């Protein structure tokens, strides 16, 4: 979804690169939502660690998941006239953050993370790095297809018309862009494979919300038979597990639960009630955004095109080369079987999840 | 003209006005609920299934328990608490942590209730001394939220390997425990407000604080009791919520405070105090959840759901108000 | 006098009822230009109601009002003001949180909307002077004023309006003599300027000093106006009451026993001298004085809701704990305050639960209320006070004032009272209920309960009490057996001499 | 001189708290100094300040407009979508819509005599739903972001945003304390029956109070959405409690009649400095919330203690019986 256009005028005005990934103590200004959520807490810690390793100073300003507040904070910072080598921006609401990003881009290169760059904002954002909601949706789709194949081989019959599996999707909150991407990518990865019964948004993006939505949707389709539930995150799926069980369905047996992000409590994933999740590591995302910034500062350039980084066992050396317009983190599948043996960048699954 | 006969005549001569109106007024909610359920059963295909009704009950139970217990505060003339969400989250986290440590969900439940009641007593002391309840609970709620977020560092809290889920999943006739607890809670709360000294005093305090004081009813002690009742409800609700999902985090339950307040007000408990009942709040909570459910079944998107629930709340509180005015004229 | 010139104000066929109570029925009221019309009648006769109708605060159920011969709509306060009517209401109508200057122009359409605080203050100074409040800082919040100052402020506000008709509803009830003189002077001046004044009062002396004519109200009905010149006090009283006083009060005490309650060197903030009172079994002790004389505070102190500086109270020779109502209640001290709506009853709660409220704990073994016992006992007490047991589940707010007062009294029977403290036992209560209440108080006293009654109604005190203590401006001025007083002497005593020549 | 002394005496509590908060922030945050600190605190005034001012007007009238934050969100959505008409026009239209909806609300409340607390709990939800419908559930953005630049022009430490807030506070302050209608709004909060008996038209003053709060909410929402260039269906939801806290910290009474725009100004100054200072140190959002809670508790406890002391002094005065009337 991101354009391959070279960064706009603001970034060019920062001229040539420093030629080194060593920050020399320069400032990275970070705007992101509240670390009262464990994912953000881990990402924030990882940003600090990586910045320290690359000899950058970081200053993080948190908002309470409120774009208005973030807009204010951006204004305030701009008013101080403080210079930063780059701004790392996690918009509280990407679709509503364009104006702040535009204003920031006049002051320093903006590296956006976590929320995909909107087409409108693309001319103000120097580079994106971090999670790919499209990648997650795609991976979840692939996982779902694989699960169906496996079950078919075991002789399981599905409830939908023509033997297609019946699917209920519990998606992120209505209007939440990450949810739109995950919904769309999943559909594109599974063309015509499923009989989609309903796509129900959660009131909040957590287990509570998952339970609230699922507990009312599931009874409605009990009669038709539900084969697969696709929940946008593991955390949301934890609520779905409860709702399934309360309706007498055994997740993992009667119903296959395919999920996106590997957030939240892992008990259900480890016990197999949740069939699979996709890795979204705050540690990698935090490190990645700092690295992207460092690369840009070093080269003063961006190469057009997207790249998804590999799931390598060791953390790759940071080279002085221009970052891509978008650098996506890996989204490998996480299951009951493989989560114990994870080893990416020398980190176990728990470590990757910031524990 | 000067005899007692004229006074007796004075009593009997006053007609009991508008008995139909009064009946409708005192039974508005049950009548309305019945109407809503019947209409939906006819118009909405998946509504009247066992699983759906059960879903409605389950979704009502936690908001319902809190609404029922907060009714004591409202009746006592102390408006409502603006710190519900963070207090419930705290109770849930205490429940999980203590269950995890001791290996017993019951110990966790006890601890959650104990912590909530302690907080209730503290707030009751402040409010009973004459400070504004709305400000006090708003402030305490913010403080609790901050402290919980700091203490948990934003992490999801669980009970580890200890089984706490049975509290929310144990079921009888396929209806899980929280629903029974909700019903029991409502019944007990009704009994206590109607038939105990403290319940009666809570009513009288809300009906007229000055008269209550002159009649030897201590505003301080009575307020504290109301907050204790509230604390018990919060503790139980927090524990049930946490056990339902085996987890809790600081940011959970963001919309809970408004849901509970709406339930109490839709139930028709007077904000000015002295009037209302826990049963009505329970029905209020049920009505709101049922309406949301019906709209969900009709596939309305979120905007319409919020809009219609808002519209119905407005119409309902206005109708209750007008009925009350007519029947007490 | 006139006949051909239209009356300044004429109200015809006015009806107003509250529930089953006819506050006004077919009332006719007239007012000539430049006259002072006194409006007289017992408590609850409907005086304030007609005043409220004329001031646009209350819409009558029926009736018409003409001003200068033209039918005029005065159904809201602003319409009434626009028609040239200004009123000093019986209850205060100043806003405590606002300043004196702001209150003086509050609700006045005529004041320019942009007036600065200084302009308002200048405006205020001139007005305040007319009622002798020249020294008052116009930017003082009204809640910091004394009762008398507030009353004078209200009068000042009305004087400031260039009104054709000015109504005073008991303007002098809270004032001392010097202030009263000032108000009466102001009234005379208004009349001499050609304005019409309606003057509601219970002080008959004032009538003869300032009024030209008198309209008497009785039970919501009006009598034809009478010329003051042709009247004397006895005629007026007979017109007002329409019956003989004798039947109202029960007999006096038969026998007086040992001491029930005693105060020794009691000092409370509002009273300048020590109070030493003795109440004996079988007697009713009456305390009387004007508003602000200190009787209310003395009763509150005895009940445990007021402040005591020093001294002690003995109940049956044992020291009584006077800190908090709860102690008083457990010692058997019952207390009925003067304002039952404010702190004597629970209006939106059924009679039964009102009656049981002070002693419910007695019926609750382990916190659970015994419903049967509650029904039994409340029914018993209700019948004592002639409250219909069939109505026990009706809210007290739906009862008439007299029956509300019976509930406020009756609820104390359940604590097994040893002493009953009653303030203003019959305020706003009509004659039938009054007799009941007096009889009941006497019966309680005869049965050994110590009864202390405080009232600003000297007639009531004289008729009911065996011993009377009088108070004037924070001082106890006498304690004497009731038999030693005549009504006029007692009135003179509480008004303190200067006022005596008024009747 | 005397007036200054009176001012300090009247607002002593708020002044002390403000100085305390400023002092602490300057001490703990090296960056929170001078113009930058002033600017960043002033920028917090939109939307908080204007919403608080509107809420305060209804509280002074003895009522509550709990729908004010939802009104802000709704108006923000309208303003952004009308962006094509130009900055001023769309903000004005949104504000007028707020005034109209507020008046309607006030009229219903006055007409029925219903508790505004109860009624506006309903409209709070209703307007939020309306915002969802108006935005179709997704964030709506300006088509031309440059429109918002005019709002961010800096004039020393001010921007048109903070200047608007100051203007709103000043106008409302003068309106409430210096004009007849304004004083009548305070009077119906201070003593409703007495005010009516004095000739104040209750209904129209209630309508006026709610029109002001609706207009303030809408103005704040429109301005804040223009600054961000966008409006979200669930935006500004936390503003109700923040504004309530600010108003209460400023010393406006929950029971009506007491307090004015100077109190509101103090309240929002205290909360704005706290929030801006905290954010400049990079304190986590929940710590800021914790501090706001503590501050609120401290303020009401102090206020309580002061009121008790005043009552005690008054009772001492009462012991001198009978104030002489001149």
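Which chain is which? They are A, B, C and D, in the order written, and residues in each are numbered from 1.
By our rule, contacts are C-beta pairs under 8 Å (C-beta built on N, C-alpha and C of every residue); 3 or more make two chains touch, one makes a residue touch a chain.
Note that this is a predicted model, so its numbers are computed, not measured.
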| item | value |
| --- | --- |
| For subunit C, the least number of touch steps when starting out from subunit A | 2 |
| Separation of mean Cα positions, subunit D and subunit C [Å, integer] | 42 |
| Inter-chain centre distance, subunit A versus subunit D - centres from mean C-alpha coordinates, in Å | 37 |
| Chain centre separation (subunit B, subunit D; CA means) in Å | 30 |
| Residues of subunit A touching at least two other chains | 34-36, 174 |
| For subunit B, residues that touch 2 or more chains besides their own | 149, 250, 301-303 |
| Where subunit D touches two or more other chains, by residue | 135, 137, 233, 284, 286, 289 |
| Each pair of chains that touches, named by its two labels | A-B, A-D, B-C, B-D, C-D |
| Residues of subunit D touching subunit B in the complex | 108, 112-115, 117-119, 121-130, 132-133, 135-137, 233, 241, 244-245, 248, 254, 284, 286-287, 289-294, 296-297, 300-301, 304 |
| List of subunit A residues in touch with subunit D within their complex | 33-36, 59-64, 66-68, 71-73, 75-76, 79-82, 93, 95-100, 102-103, 120, 174-175 |
| Residue numbers on subunit B that touch subunit A, as the complex places them | 46, 49, 51-52, 54-56, 58-59, 149, 153-156, 158, 165, 168-169, 174, 176, 241, 244-247, 249-255, 292-293, 296-297, 301-303 |
| Residues on subunit C engaged by subunit D in the complex (per definition of touch) | 55, 57, 76-78, 81, 87, 89, 91-98, 102-103, 105-109, 111-117, 132-136, 146, 148-149, 152, 157, 176, 178-179, 269-272, 292, 294, 307, 473-474 |
| Residues of subunit C touching subunit B in the complex | 19-20, 247-248, 303, 305, 325-326, 328-330, 335, 337, 342-349, 353, 357-358, 360-361, 364, 367-369, 371, 386-388, 390-391, 395, 397-400, 402-403, 411, 431-433, 435-436 |
